Amino acid sequence: MEQKELMELLNKVSNGQIMPSEALLKLKEEPFQDLGFAKVDYHRALRQGTAEVIFGAGKTPEQIFKIAKAMQDKGQKLVLVTRLDQEAYEYIKQYLPLKYYQESKVGILGDMPEKDGDGEILIATGGTSDIPVAEEAALTAEAFGNEIVRLYDVGVAGIHRLFANLDNIMKARVIIAVAGMEGALASVIGGLADCPVIAVPTSIGYGASFGGLSALLSMLNSCASGVSVVNIDNGFGAGFLASRINHLEGK
Amino acid sequence: MEQKELMELLNKVSNGQIMPSEALLKLKEEPFQDLGFAKVDYHRALRQGTAEVIFGAGKTPEQIFKIAKAMQDKGQKLVLVTRLDQEAYEYIKQYLPLKYYQESKVGILGDMPEKDGDGEILIATGGTSDIPVAEEAALTAEAFGNEIVRLYDVGVAGIHRLFANLDNIMKARVIIAVAGMEGALASVIGGLADCPVIAVPTSIGYGASFGGLSALLSMLNSCASGVSVVNIDNGFGAGFLASRINHLEGK
Amino acid sequence: MEQKELMELLNKVSNGQIMPSEALLKLKEEPFQDLGFAKVDYHRALRQGTAEVIFGAGKTPEQIFKIAKAMQDKGQKLVLVTRLDQEAYEYIKQYLPLKYYQESKVGILGDMPEKDGDGEILIATGGTSDIPVAEEAALTAEAFGNEIVRLYDVGVAGIHRLFANLDNIMKARVIIAVAGMEGALASVIGGLADCPVIAVPTSIGYGASFGGLSALLSMLNSCASGVSVVNIDNGFGAGFLASRINHLEGK
Amino acid sequence: MEQKELMELLNKVSNGQIMPSEALLKLKEEPFQDLGFAKVDYHRALRQGTAEVIFGAGKTPEQIFKIAKAMQDKGQKLVLVTRLDQEAYEYIKQYLPLKYYQESKVGILGDMPEKDGDGEILIATGGTSDIPVAEEAALTAEAFGNEIVRLYDVGVAGIHRLFANLDNIMKARVIIAVAGMEGALASVIGGLADCPVIAVPTSIGYGASFGGLSALLSMLNSCASGVSVVNIDNGFGAGFLASRINHLEGK
Amino acid sequence: MEQKELMELLNKVSNGQIMPSEALLKLKEEPFQDLGFAKVDYHRALRQGTAEVIFGAGKTPEQIFKIAKAMQDKGQKLVLVTRLDQEAYEYIKQYLPLKYYQESKVGILGDMPEKDGDGEILIATGGTSDIPVAEEAALTAEAFGNEIVRLYDVGVAGIHRLFANLDNIMKARVIIAVAGMEGALASVIGGLADCPVIAVPTSIGYGASFGGLSALLSMLNSCASGVSVVNIDNGFGAGFLASRINHLEGK
Amino acid sequence: MEQKELMELLNKVSNGQIMPSEALLKLKEEPFQDLGFAKVDYHRALRQGTAEVIFGAGKTPEQIFKIAKAMQDKGQKLVLVTRLDQEAYEYIKQYLPLKYYQESKVGILGDMPEKDGDGEILIATGGTSDIPVAEEAALTAEAFGNEIVRLYDVGVAGIHRLFANLDNIMKARVIIAVAGMEGALASVIGGLADCPVIAVPTSIGYGASFGGLSALLSMLNSCASGVSVVNIDNGFGAGFLASRINHLEGK
Amino acid sequence: MEQKELMELLNKVSNGQIMPSEALLKLKEEPFQDLGFAKVDYHRALRQGTAEVIFGAGKTPEQIFKIAKAMQDKGQKLVLVTRLDQEAYEYIKQYLPLKYYQESKVGILGDMPEKDGDGEILIATGGTSDIPVAEEAALTAEAFGNEIVRLYDVGVAGIHRLFANLDNIMKARVIIAVAGMEGALASVIGGLADCPVIAVPTSIGYGASFGGLSALLSMLNSCASGVSVVNIDNGFGAGFLASRINHLEGK
Amino acid sequence: MEQKELMELLNKVSNGQIMPSEALLKLKEEPFQDLGFAKVDYHRALRQGTAEVIFGAGKTPEQIFKIAKAMQDKGQKLVLVTRLDQEAYEYIKQYLPLKYYQESKVGILGDMPEKDGDGEILIATGGTSDIPVAEEAALTAEAFGNEIVRLYDVGVAGIHRLFANLDNIMKARVIIAVAGMEGALASVIGGLADCPVIAVPTSIGYGASFGGLSALLSMLNSCASGVSVVNIDNGFGAGFLASRINHLEGK
């Protein structure tokens, strides 16, 4: 409950429009719905506008379905499900017209909104194997109304592939740099770009990459300024944050 | 063997009621039963009263069955089996009327005891995915005679869901805070509550959560006072300790 | 702000006793004092009664002094300062009658309160070197009105030293087990006691003790039930939690 | 060298205005100055406008002085030196009118620019000990022309201190959340704010905080969306990135 | 694009042979082919001569096939595929005459080139279990035209097996030492050889070998000079580097 | 080749009994047999007497069979295969009368030798789940002619189970303490025994036991003297070393 | 209290020689002396014979002095103090004729006992820098009556230095291998020797040696059998254990 | 002792030129000198030619002096001392004309040899702070007769500084890439160069750089081929290996 609403509530109490005891109830009547196993947060939905998100990992197909259904019933236009495995998708599609992106394990209920961001979001990957994480970021950002430019397999081992696309880097409003192994892509892009760069380490690699730790540390220690990092393989987090930055104008 | 018993034994030796050599035997005749692969500890059962516990992981179905059987034969009213996988359950239920809670992998032999705790134990989780660990804690505490209040999916990302239940937090005798990812729930509850808070990090999360390490470190470093931590996913340990704290009165 | 106060405030608004705009102000007028570099939290003090605590590490002598002074001015009877180094103590004692415990780096302003706990708190250490951490716990618990029994240097390498004190273990309401190196003390006490055991790993040791990590992991993995863990060297946290558990009766 | 300049250069070669061999030279004549031990990068300065930065750690006082001097000679209006220790400051101030902020180890040569950002940057800390890192962020952002709101010591252990400042959180364009120990502040703010949140873990804490690792992991695993992370104690990085986000409008 | 080519291009612009705008296009027309999911780098192929490499892990069978096909179509004589699993091989062999080495998961398209290296490359393993990694190195080096001497199962537990082959060690131009567990083989060979030694830690071992970390750290800390290390299980990297060193003459 | 043999060889050269070139060959003709993928070390067999060992992990069934066969052909009385999985056993038993111990994954070819050790080896485990590792140690030691006393499930959570067997501890020549979780068993036994104690950490546990790391660190940091440690789950190593210690007399 | 003594005590109670209450007291009258900060364990002294040990680290000079004094007063012939820093030594030597070995930080009170071990203990180091740890082991073993052979700076980088001393290796009853960096010495010696090898990792090295972790892991993963490991830099532990093994005969 | 010498020795025994017992002695008379605390290895010196190296860390000034003196007396032309601190230098220069390079802590006794390498060694650093490690590499390589090209402060944050020196990269025979923080320099150079690249991670950085671990992992996981890694800050190792590679021709 935000300040403005609180003021209104207090005004009504003062005017005798509602009883103090009712007001107390109101204050406790929080903007979420309790499904028992989950407390669906409509408060967040209100603030964020178009899309609402379900993190699918660790939830049963039934739980995902019920949350998605509850959201849709509440009038939500687009529901985004991340980390949705094939099995859960098979279950849900029986009841809901869910669109499934297998590579990135993303499910989308409803139509993609119009692009209303301030500029373009560039998503670059070091290699082919980083694409699933990049696509999670891309679909997330699209679900929140952003224009995406994809630039895949431009890792520093063949740096001319990156330089051939310098204009895209220069023109982007936000850049998401997705890379595993040594994650140097984030530093190199960070040194070239003049917009915020969100680095996403991926668990791609082997041996001493330790499930993405190498790329994570590399990105945290980037010598380039203007780079920040999200969790390993967290395409959603990067896409969401990029959208936020890309919708600041007029805030 | 506790002091009082030792005194009695020595008195009997002094009175000639028993021979020294017999006494030596007695001293070695420890209150446990040797099944070869396991030494079932009835001593602990005596102290703890109602329930006796078998940690199922790493034991064969046969071993679990034999230990449970031996306990029941000894007159144990309730036998709690934790980390019991489906396969072991299928085996045991052929011979014993075991009740199985699939989500939390808990098996219970016998009826739940009466609630005789000093107050209520509140169990809160950060998300839906933490529920299995929370339920292990809840069932454990119930098996030891405690009243449980469940408060699931109240993580700090939508903190109003937690605040809508402040009265439950205020009224609890002990709180178990179960959370994965960054485990901030324990700190926030620790800052609000005035009773002991037992934090249970879960292995829920991905990437740099490193199987619960992130939540574990977070909880150990809690800036809130009155918080202590048990092992990752150790719902049983939290439930057991909570029960102990909730049965101190009149000790 | 708790529920009861909120109800009263709303009643006053309803009765016209105060204006809605004033009420809003009131709601924002939180029970803490802003010193610029610190927001002293009197809310917590109210709940906890006798003592208020300052964590000295990372604060300048001036900052510690100002916070302590503000607390005393507000009527606080006892101010406990932990992690207070010699230099800061020298500075503060010029202005305030601070009592300093060098070994445990604890400073105390005001007189120790009466013992009003439900039972005794036993504090055991594995070795002589763990005493500073144990004393931080002991002084903290004393500052909150607890009776302490000290049992130092009873590590498992000479386990008969521990067994010679079994009666103390049996009679305690709460036990704090302080140990470095392999931290086995917590498990052994946990296996003997029937009250809550708070384990405090210490950074005592060398080589693969990795600054207390070995003892920490050991204690988290304790095979004994009823044991929970606080941060490495966190004597204060253990003493505070022990006091909470020792004051539950009549709550 | 960017695309536009390359086009112009090629045009000149085509027109015979410059020789191919000269063009090659030009292409190699990069916009940096070689001081032997350092290659001062004026290219970056051009892009970033007002301020230029020297990372002081690991450089000798002489090296810092020479780089700062070279920048000033080149016409740089404001030179920011981070991680500047007292000794290096003493050396440099003999030759240059450097202003020194001891707490945050920041040195500034020249006058702070006008505030030309899109909105306000809010900088919050969990405790008093996190202030040095927060101030590094604040001074950096000010050096790049941003309006800063400071909100210090609002950690989650006394969460009402944070809620008393909800309006600041709601109104900020970017938030920098600085916290050590368990770093829960970032998640709680992330759950409340609707602007980008930059989390800065600090090395404040002890024991299992492992020099900031606990806070770092916690922040990376934040369950709140819209949060990204910079390196431990990297106040500069956070301030720089916040400024970039706060200057996107009209880009 | 290398310097010589750039000079020629500029000359042509100067002579009016090509338009500036065409030159710009040329400069952007990079020597790689964009397959959408991958940007195949022919530039590297040009420099390296005979073989071109595809890292199979994390790519779908279709992707590997398409990249291999594109390379072959471009006239590549030998295509090496590493980390190629059985399933991908089964798919590709339907369309291309790929030779598969199951033990080392290497696939080769085309005929092995002539041996044109400066000397012999010796590949030694600590045990039988290290052979798959060693074979990846061996096949890689053979694909780049090197003569290989294999010396398998000569670990330090029976050091006479190594000493019986001292002449091979003495005569080698480069040595690849492949070992898991404690990785001591690299140090012992490093102490005996007078040529560059490339150490490859393998993930062979159990318990505290932590997936090759033990061998990796051991090799990095080798007390013998002339030893450098590649990633855990990175047979390809070692074979490639060995080939480079073995082809320096006449460079 | 040991000193005595070298002397003899040189004498023969001196006497003209063999040619220098032959001697060189002899010096290179090492006491191992080269199977290509393995160099079977008969030298070690000579020294150790009765048993010869094959580490099964990472070897194919065929390789294990061939090595075992070669050993048997060479006259080896007992061949011990550790880490032998079911599948490899099924393959080998077609050709060789291998006895298989499923729990400990040990295979034995030939009859157990007579007990010729200096005393008894006591093998204790903390829990039931540690038995497979303990049995690997027990079978290994038996294969080298040792008398074993098994003392399973005597962990410190119920320490009276251990004390009921104090006489076994007192009488042992060597003790192997096998434990997972917090591994405190090694310290407690180390504090009671006056013979060498070999600690074997096991990967039994969950959460922060990190695959045996907790027990490993605990045992390395044992405050009891006379304790040394082998790798996690390394029952073979412990059994082998115990046998060595138990056969020192008359050496 | 061992079994025999318990039997005698019970006999006396039975005979009426002592009262049950006295017996209880006796049972509690443990063989240690309580100095408040330390419980000096004479029980251990009885078992171990000649020497008694004080671990100096983390104790104040006064504490060390008092414990040493109490031991001497009790009739202890030799008191060994390990990890004794210069300052503590200066303090103690005022009151007691302590002999100080600066390099290894060992202090000895009383005369070295006669050599009564079963054979020789060989102590080898990888480098010159490992000597302090080796000397702690050597002095410890000498204090318990062992003959020591020192073989320093025989690391595997120049393995002929080790082989020139093969006869010492062959003849030893126990070997202590002390090495930092990659710790390969233990494996190489383990592959050559036929007696128990105690490996001591040292914190010598830099970079990725991580304070001895590299050597520790290396030694734990030794491919040679018969090797066990003590804590990093734990010369005392190795010397003590070696002495135990070297005094087994006639046990 | 190498094969050729052994053959000669055996010939002499055969010819009766020397006695078998003398031969045995000869075989044991290894080419090193025993100074007690060190066994100076002249064998290595013979092979490597001009320079001999002393690793100064962990040795006392006296020890370093004695080893250097012994080498010089044996006729060694150049003695290189690495990790030589100021204090040790001050001691040694009293007796020997040692030249000291303070920044890189290198001491050199004797004159630099002629450049006789096959080509040039390029040494690049990411920043100014990496120069000390780079200089250790440079001086080492110079001491072994190599031509060095220094390219300092060319990190990827301003990648045009690196590209302005592409010709140096193209022309080098071996490249040493020295970088801390995220260590991306090695990957970028590895992607551009066609000669062996030796990556040296440095401990430069802060926070999550963890003393060079970040750069180390980054370099090990380099996506560029032809890159191998030495220990953190191991400038010597890189310089030595580079020299070996640069002296292969004519081997």
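A, B, C, D, E, F, G and H are the chain letters, set down in written order, and residue numbers restart from 1 in every chain.
We take it that a residue touches a chain if its C-beta (ideal position, glycine included) is under 8 Å from a C-beta of that chain, and two chains touch if they have at least 3 such contacts.
Note that the coordinates shown come from a computational prediction; the quantities given were computed from them, not determined experimentally.
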Shared interface partners, meaning chains that touch subunit G and subunit H: E, F
Comparison of F-G and A-B by number of C-beta pairs in contact, larger one: F-G
Chain centre separation in whole Å, for subunit G relative to subunit B (CA means): 40
Distance between the centres, which are taken as Cα means, of subunit C and subunit B, whole angstrom: 25
Mean-CA-position distance for subunit E and subunit A (Å): 38
Junction residues of subunit H, two or more chains touched: 3, 127, 157-158, 207-209, 213, 216, 220-221, 225, 231-232
Chains grouped in pairs wherever the two touch, ordered by label: A-B, A-C, A-D, A-E, A-H, B-C, B-D, B-F, B-G, C-D, C-F, C-G, D-E, D-H, E-F, E-G, E-H, F-G, F-H, G-H
Of subunit G, residues touching subunit H in the complex: 127-129, 131, 152-154, 157-158, 160-161, 163-164, 204, 206-209
Residue numbers on subunit G that touch subunit B, as the complex places them: 3, 6-7, 10-11, 13-14, 16, 19-20, 23-24, 27
Subunit C to subunit F touching residues, read off their complex: 126-127, 155-159, 181-184, 187-188, 190-192, 205, 207-210, 213-215, 217-225
Residues of subunit B defined as touching subunit F within the complex: 1, 28, 30-32, 36-39, 41, 43-44, 55, 57-59, 63, 83, 201, 203, 211-213, 216, 231-234
In the complex with subunit E, residue positions of subunit H that touch it: 2-3, 47-48, 53, 118-119, 166-167, 170, 173, 194-196, 198, 216, 220-221, 225-232, 236-238, 240-241, 244-245, 248-249, 251
